[in-house]
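Input: structures, listed below.
Look at the two complexes coming up: subunit A is in both, with subunit B in one and subunit C in the other.
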Partner chain A sequence: MTEPAVLSITGNNGVVMARQTVRSLAQDCRLSLVEQTKLVTAASELARNALIYGGGGTMTASIVDEFGRRGVRVVFADQGPGIADVDLALTDGWTSGNGMGLGLSGSRRLVDDFVLDSAVGRGTTVTITKWAR
Partner chain B sequence: MAAASGTESLVTLLSRAGEDLAAGWVDRVSSSLGGRVSKAEVESELRELYTALLAALRQESVDVYGEAFGELRALLTELSRSRARQGFSPTETALSVFSLKQALEPVLSDGNEDDVRAYLQLSSLLDGLGLFTIEAYTRTREELIAAQAEQLLELSTPVVKLWDGVIGVPLVGTLDSARTMVVMEKMLQSLLDTGSEQAIIDITGVPAVDTEVAQHLLKTVVAARLMGAECTISGIRPQIAQTIVALGIDFGDIATKATLADALRHALRRAGTTLSTTSGTGVAR
Partner chain C sequence: MSEQVPILQIGQVLLVSIQTDLDDHAVMRLQDELASRVVESMADGVVIDITAVEIVDSFVGRMLATIATISRLLDADTVVVGMRPAVAITLVELGLSLGGVTTALTLDKGLRVLERRRLEAAAGDGDAEPGAVEAGFPPGGAIDS
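For the complex of A and B:
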């Protein structure tokens, strides 16, 4: 088991670093090119969300081994205002900013496991996992 | 009062140690720089620093950020900037200051109480100056990095003419807002300058297309349309296509192609150029 890579996302540079970190982990975990690209894209969306809506946050990425399957798990955490209506936030095309409104909902479709934990005033934590086939 | 008498004994100590001290300092610094700066140069730099340091101490000041140290700070900033530009490490740069401590160490072995106290005072003073040097060094490096990032931005967004009336924009790397602005500006200007009505944006070199990249691409295409030009996006590899579908991004009626060659063929057809193939060699007119 490798040590989880922790990264703070405080600027656009952080989003780029997040993508690179996740890509290298995905390669280490032998994810296929399509799976790698999907995971990296989801990480890019969530890192940007943490930056724009959460006012910056952290990313913790690691290779996990559960029930005999291997995968990459990435946790994005921010101390921002939180999401008031999680269902609404996960609706395609809905955005509180000026993006496309597909980042959160699209990321959920790009990964195998998606856990969103958020409450107003408590910040937001998103945990995603992509399993190797 | 204590501080004042302190600087006095420090000045006395430094003037007494004088030439020996300066020579020892120069030796240490030039050996730490590994001969990448000539000894004569190091000596003249350090002599200036030494003079400024003594001048500041004579004004009985120990405040590194005070007025008395203004000249010394200017000299140190200059030194750090030139070291940073020449590619020296922060350690090598800061050693220019910290070496003075080591050079002065011999006085501790046979010095009296006053000398020791003066040494300690100089030591804390040099710590402050060393930190100042590192700060100045870092600032210069940051300026260098910012300048390079800007250059890279310009470099990495060429607009090339592919055919009469067809321009190509190969994108490589991360596509953020700043880059999209540059790309859009350059592309729209080139459309005007070359009188082209077809533009191909090739994203083969973009590793991941997320919603931000897609949004930027869409905006660029819309802007080109407003100018009466048509855009084709090429370089959509299988993994990118699957990701875009999963994300739910709709490219609408924008023409997208897998390869640049396909996109060029499409653009030429749209421009009314006919392609004919004669015995295995593709010739376009």
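For the complex of A and C:
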């Protein structure tokens, strides 16, 4: 097991760095090109969410081995205002800002596992995993 | 540091080729810059080459759609060329169909789309000067099809 890559997302460059870090892990994990593209796109959406809605946050990315499967897991955590209605936030087109409302709902479709943990005043943590086939 | 994307002009067409992973500021700047350049140059077409672009997320997707809409309002057509298959698959799953954006597989095909539109516009407009239309052809793009 490699050490997880930890990155702080405090500006636009953080979103670019997040994409690059996740791409490199996805390549190491031998995800297919389409799987890599989906995972990196999801990471880009979630990194931007952490920056814009969470006021900045951290990304922790690692290769995981579980039940004989290998994949890339990425955790985005922010200490922002949190999400009051998680189900609503996962609806296509819903946005609290001026985005398109596809970041959360869309990135959920792009990965295999998606866990959203959030409460008002407690920040938001999103954990995504993409498994190699 | 976010970098600047060069906007090239070939005849009546503005060509942008995105070669690096752009941050959101650079994406917005490109959008604004293109709008000004369309007006300044009186271009009637914009080609955005994304051959080198590894991912298109909702932010870049929205930029492409917005550029298409803005340039249409400014009397220019936009064609996005060179989208990778993995990018197309991901965009659909993300929920962005880019319905209002014209695409072509290659730069050459994209230029021909613009050329065809220019001819249609000239045919539909009785008092268009044929000379002005001719002058707009990008060199070398007008042979077959």
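The rule is simple: the second predicted complex is superposed on the first by the 133 of 133 C-alpha atoms of A that agree within 3 Å, B and C clash if a C-alpha of one lies under 4 Å from a C-alpha of the other, contacts with A are read in each partner's own complex, and residues count from 1 in each chain.
Everything that follows uses one rule, which is that a contact is a pair of C-beta atoms (placed from the backbone, for glycine too) under 8 Å apart; a residue touches a chain by one contact, two chains touch by 3 or more.
Values in this document were obtained by computation on a predicted structure and should not be read as measured data.
The superposed arrangement places subunit B and subunit C in clashing positions on subunit A. Using the contact criterion defined above for the overlaid structures, shared-chain residue A:Gly106 touches subunit B and also reaches subunit C. Touching of subunit A by both subunit B and subunit C, each in its own complex, is seen for residues 12, 16, 19, 23, 33-34, 36-38, 40-41, 44-45, 48, 92, 99-100, 102-103, 105-107, 109-110. Across the interface of their complex, subunit B is touched by residues 12, 16, 19, 23, 33-34, 36-38, 40-41, 44-45, 48, 92, 99-100, 102-103, 105-107, 109-110 of subunit A. By the touch criterion stated above, subunit B contacts subunit A in their complex at residues 174, 176, 207-212, 214-215, 238-240, 242-243, 246-249.
Listing the residues of subunit A that touch subunit C in their complex gives 12-13, 15-16, 19-20, 23, 33-34, 36-38, 40-41, 44-45, 48, 92, 99-100, 102-103, 105-107, 109-110. For subunit C in complex with subunit A, the residues that touch the partner chain are 1-2, 21-25, 54-59, 61-62, 84-87, 89-90, 93-96.
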